[in-house]
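There are structures below to look over.
Okay, so chain A shows up in both of these, paired with chain B first and chain C after.
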Partner chain A sequence: MTQTLVAARPTAQDRVRTLLGAAIPYVLAVIGAFLVVAVIVLALGHNPLEAFRAVLTNSFRNETGMVQTLKKWVPLTLLALAFAIPLGAGRFNIGGEGQLILGAVGSVAVGITFSELPQVVLLPLVLISGVLAGVVWAGIAAWLMAQFKINEILSTVLLNFVSFEVLDYLASVVWPDAGAGGAVTLPIGAGAELPTIGRPPMHVGVLLVLLVSVVAAVLARRSVGGFELRAVGLNERAARVHGVRTGRVAVVSMVVGGALGGLAGAIEVAGVHHRMLEGIQSNFLLLGIIIGLIARGSLTAVPFVAFGIAVLEVGAGSMQRVSGTPVETVLILEGLILLFLLMSDYVTARLRVRAARTSAKAALA
Partner chain B sequence: MSDFLALTVTAMVPFLLVAQGTMLSGRSGIFNVSQEGLMLLGASVGYLVSLQLGSNVVGLLAAAVAGAVFGAALAWATTYLRLDQFVVGLALFFLAGGAASLLYRIVVGDSDVKRIHPLPKVLFDQDLLVFLAIAFSLVLWWWLYRTDAGMRLRSVGENPKAADSLGINVMRTRMLAGTVGAALMAVGGAYLPMAFAGTYADGVVAGRGWLAIALAFFGGWRPQFILLGSFFFAAMDVLAQRAQVSGIGLPHQFVSMLPYVATLVVMVFAFRWARVPQFLGRNYDRESRIVG
Partner chain C sequence: MNPSQAQPGTWADGSTSAPLLAMHGIRKTFGPVVALDGVDFTVAPRQVHGLLGGNGAGKTTLMNVLYGLYEPDAGRIEIDGRTVSVSSPRDAIAAGVGMVHQTFLQVDPFTVAENVVLGTDTRGTRPKDRIAELSERFGLAVDPGARVETLPVGVRQRVEILKALYRGAKLLVLDEPTTNLTPQEVDDLFTSMRAIVDEGMSVVLITHKIRETMAVCDAMTVMRDGRWVTTVDKADTSADELAATMVGDAARSGDAVVRVALGEEAAGEASLEIPQPGRGVRVRVSGLTVPAPSGPPLVDGVELELRQGEILAVAGVAGNGQVELAEALTGARPAKGSLTLDGAELVGRRTAAWLDAGVVYVPEDRQRDGILPGGDITENLVLGSHRSRARLGLIDWRQAREQAVRAIGEYNVKTPSAATACGQLSGGNIQRVILARAFAHDPKLLLLHNPTRGLDIASTTFVYDRIRAAAARGCVVIVVSEDLDEVIALGDRVKVVYSGRLIGDFERGYTDPYELGRLMTGVAA
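Let's look at the complex of A and B:
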């Protein structure tokens, strides 16, 4: 009788233990970053406890703070996913900004041109055209990468700059709003606006993004595509040897990233601004990258990390008002969390080596 | 026309210094992506020190030191700790950017904007740094391709294992190149307030750092082509500004797009030219048994 070996299903206790093990570096990195920033805040002559309380509680004190946080959370989550999915395949999508702007372009183009259409038709059209525009923009970079081996960091960054000019041209020449100062387009039709819920109003894009992030996390863990993505990211050569079409996986990951970036742009247009304006991309790209890196490519972690960063970003202003601590300290805090998280990788690796060495010595003795 | 040339040469300096810094660092295998933050830090430190001490030269030196500290941190984390170059670079980019605005906020606060003196003109109505940057590019070419030390640096970026086996200290080479490269980036940033606005603002760099990375690729990671490339980028920059003011029959947005689109097109048609150092962005592990 042949004995088949099957990996034992991890017990609940094991699962909790691995989860805790994974959480420790995060906790240490966050505590370390807060400690260093506390020293900086003290050196500036402000009270760190007061500053941190202002940063962390602003989102939870009332509904307005919560809605502000969620409104930031929506594009941050989408752009973090747009960065993290190609990162899974070892590709760096620095073009979230351009993909967001093109998504906004796609949705205002439809939202202005067909502004008479009823909501049932127009709203899906607006969202879909935003997604498609993002796909096209990321598709250019993906095509250049696959066909000509052009570094995707280079092409996505350059396409960002092109997208700024596209936005400027459309907002100041094609559909300019004469009444508004600066580069602002005409408003989209009423049927293109996302409906809102609650008071103060929150657009339903937040539910859409919740759905998208759950689907993305499940697909990354349970689907063939998600598995291939991870295989390519971990060892491209081994994946190719085992029959994964690595080039196609990389291209698809970039295109999916572009679709999410485009969706972010469409939601910003249909849910928040109801028009396209210069600076619509805010600093979402940089924060999206930070979130993707802090989540370390885990799509499950992205929405949670994004929420944490959104809380910090919304709280930064109130921190300055309450305690006089400059908003820039929040940027330093985010950078430090990332840096300490990386350092903890190194420390845990060293500790593991040391533990293995002592156990080997004990076995020999 | 001579006016156009003069403006272009001034606009070229930051591109040139930062792209050469990127190239120098990258040629040893360290792919620095914190240009945008380091330039901002250089601009902030350079402006503040010049303002306080009244000397632009000291300001430039202080900026170089600040950049060198960040460059050394990146080099240390990626050689001795072997952390991911791209991720550490981005973390340092955030830290440098935050530190730049914070320093400005602490020293100047909300008081009136004070302007620093521009760099003195020495020749052809251009300041000294213009000539230094161009001369430095040529010296860099000579050093990389005509001296032993330059060849050692290049060999570390191409094949560190082979370099190591020949007794070249890979770690030290990368530490030096990464530090000097980042110092150049900060100096390139410090030039901005000294040549243009006379003051610091958070948007002063305006994407030039990212463009410098593109420029390093555009120039095939070779100093002589980076010199030409930065002239082209600067010329397009000046042309776009001119189109915005006076109009040349074409919407100025399309002129502004030109350098970016041109870079992509050039990359498509220049396979052989657009080569990159073999070990760019990859860490060297002496104990690893996998070659390449």
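Let's look at the complex of A and C:
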């Protein structure tokens, strides 16, 4: 019997077309966001072209800008992954900053207590304890979710508040740095610091996160766990009927998210600050969520989107210096990109329906 | 009497009857899909008119246009010779059209009477008397004071019919009304339909079962692929001819089992030559129970012994624990008791272990339980075997895609590519993907729940052929179905599920539909 076989995948040409089609909303969203922000900048009495040039070129003008951008890229990528991985299973981890803070706590605890140990022993311990602390912190929310069906959005958000108090207590009571002005801990031992490369120095955490991103993207696409994660996110009931332990997948996804949040905290301590201080979490949680959503949960897209956001974040300061536009304008820009992206989804869906209708009418005529 | 002709005295000219309903050139498209392509449909007064066709033929769409639920792209509707414009069900009711859908729109905590009068003006009327009178006249036995949530499906359907009659319908449209009715209830319904026609109204019976139209209709119109095919008087046609018209050029299975299952003929007329199942018992179920959070168990002490190659068909009215039974028998839901397959105990083990042992479940709700709608066909075919096919925790997607392409060919899935999202396929093609996945597991115990619901004739026949091929290879098959024709045709043994218990036991050839009907409603339990 001869059978006409269908294609396993669309042709290369079709895939390029699909990709271009998918890119249109992004392009429109970015353009739209920049236009609105231009109006705001004008209204504030500054020159938008000057402001945008400062924002967009700062990272690429010299090596300092690029190193700054990559340092920013590290926590942004990790927190975006910490949000996107549970999102794959339909769970919302809004606890990235709590997990980052606990990661930092784990790292400084080891980094201060065993400050005399040599780097080859201490540095791995610092990173691992940071990751484990993040795991424990997210694990609490995951356990409450699995055992008592407590909504993970609530528990992760509330655990963030708890983490602020933990940080405050450690930095002002347990290991306070008497010489510092605010809530700052003592520095970690020299052996706990991440080595640097290049000039200006860039900590090797950047390379570590690059590796983590690649592994995460490959596992999401190829591994059994990645497939089960996707299956649970697509249809939890069908996944369960076909032998996927959906509750366990959800818990593991939260815990992996916590591990990545913890790693972010550990790298901030070991690579950037060499101590823990109030505000170490910056606004990475919010930006991580924005990145995860702009990437539409794709772990492959997350590092690229995170890089774009890092460019904007690093450029913000330069923009304020050059054109006087306040740094917060960049956050408006980032929020608007996401907003316009969501809106353009709706618009493209409408356009598609209209196109189908027109072609049906044309067929009638 | 030729029923398509007018009754003497009803019409002025007497010889050529003006039709009660005439639909001309109705066209309806949904995006690029042409659902109705210039359909003409005429119903004479005092006629039960069968609207016959497979799933997807456009029967319900046509009647939804008549009832004002869809606005046609083109075409004209005449009632009693006058062109009417119907843009909402309200217009349709005013024009004398009543329609009973497959899913009832009823307010559960309200009484029968309240549901019937809901939305009408009751001032100066005595609704209860009127309802009692209608129910008496048409043999639609209901208690006007009963709350509808307490009533079985058959009675709730009568409430829907009463609603239409109460609003003065002279043309009553019933959409697949026999689904979920016992044979006794079907008989009662057909009697009421005849009574309605005797009072001067007309009834349109939407169905895919030829046997039903031959039993109750005066004339029938066959539709196929959104087109009108033919309109014939019952006296001038036969079941065979209708079947050929309905299927069209598509290859017809000459097989008696398939004809019975499709409702083309009754089991008594067909001679079913079936290979006997083997002797060895493969599946033993004892005391299988699914406790409910409160109240009686959802599945209650099921006992079964199934031999190699045996097909067990389980009949029942929906909502008697079918889903729970199916899930408990396939390990998709925790249960107590025992189920052994080839001697190995499976109860208490994880769902994945059941799958590995060769227990495969084809769920009733394909979209909800069967597929990952956003996943492509390849991913859907991998689901369930993703662990056993992985090496070092990684899935070989290239190999999976190649297998998907072969399965698509073998199972005739109509799709542009293996990378198409499963949720974009039609119901029949989704079921083909699910079956392709099920048989790729090389099942030893295969359970299918309502496997042909909503499928067109070609897909339905395909499913029956696959089921019987699996049994011929020695697989134990359990078919849980609300379609009695299907149950009787496929089952080597037939049992009934009622309130979570399995009752009755009929060998092939000794199945009496009425006896099944009594068990299904708990009368003989």
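Everything that follows uses one rule, which is that the second predicted complex is superposed on the first by the 348 of 365 C-alpha atoms of A that agree within 3 Å, B and C clash if a C-alpha of one lies under 4 Å from a C-alpha of the other, contacts with A are read in each partner's own complex, and residues count from 1 in each chain.
The working rule: a contact is a pair of C-beta atoms (placed from the backbone, for glycine too) under 8 Å apart; a residue touches a chain by one contact, two chains touch by 3 or more.
The model shown is predicted, which means the values in this text are computed figures rather than measured ones.
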Now for A:R17: first (chain B), second (chain C), both, or neither, which partner does it touch?
neither
Could you say whether A:N235 touches chain B, chain C, both of them, or neither, answering first, second, both or neither?
second
With both complexes overlaid on chain A, does A:G243 touch chain B (first), chain C (second), both or neither?
second
Given the touch rule stated above, what does A:S223 touch, chain B (first), chain C (second), both, or neither?
second
Is A:R61 in contact with chain B, with chain C, with both, or with neither (first, second, both, neither)?
neither
Name, in rising order, each residue of chain A that touches chain C in their complex.
3-10, 221-225, 227-228, 230-231, 234-235, 237-245, 353, 356-357, 359-360, 363-364
Spell out the residues on chain A that touch chain B in their complex, using ranges where they run on.
40, 44, 92, 94, 144, 148-151, 153-155, 157-162, 165-166, 168-169, 173, 286, 289-290, 293, 326, 328-332, 334-336, 338-339, 342-343, 345-346
Can you list the residues on chain B that touch chain A in the complex?
33, 77, 81-84, 86-88, 90-95, 97-99, 101-102, 105-106, 207, 210-211, 213-214, 217, 251, 253-254, 256-257, 260-261, 263-264, 267-268, 271, 274, 276
Name, in rising order, each residue of chain C that touches chain A in their complex.
29, 31-32, 73, 327, 332, 350-352, 354-355, 361, 363, 368-375, 378-379, 382-384, 386-387, 390, 393-395, 397, 401-402, 404-406, 408-410, 415-419
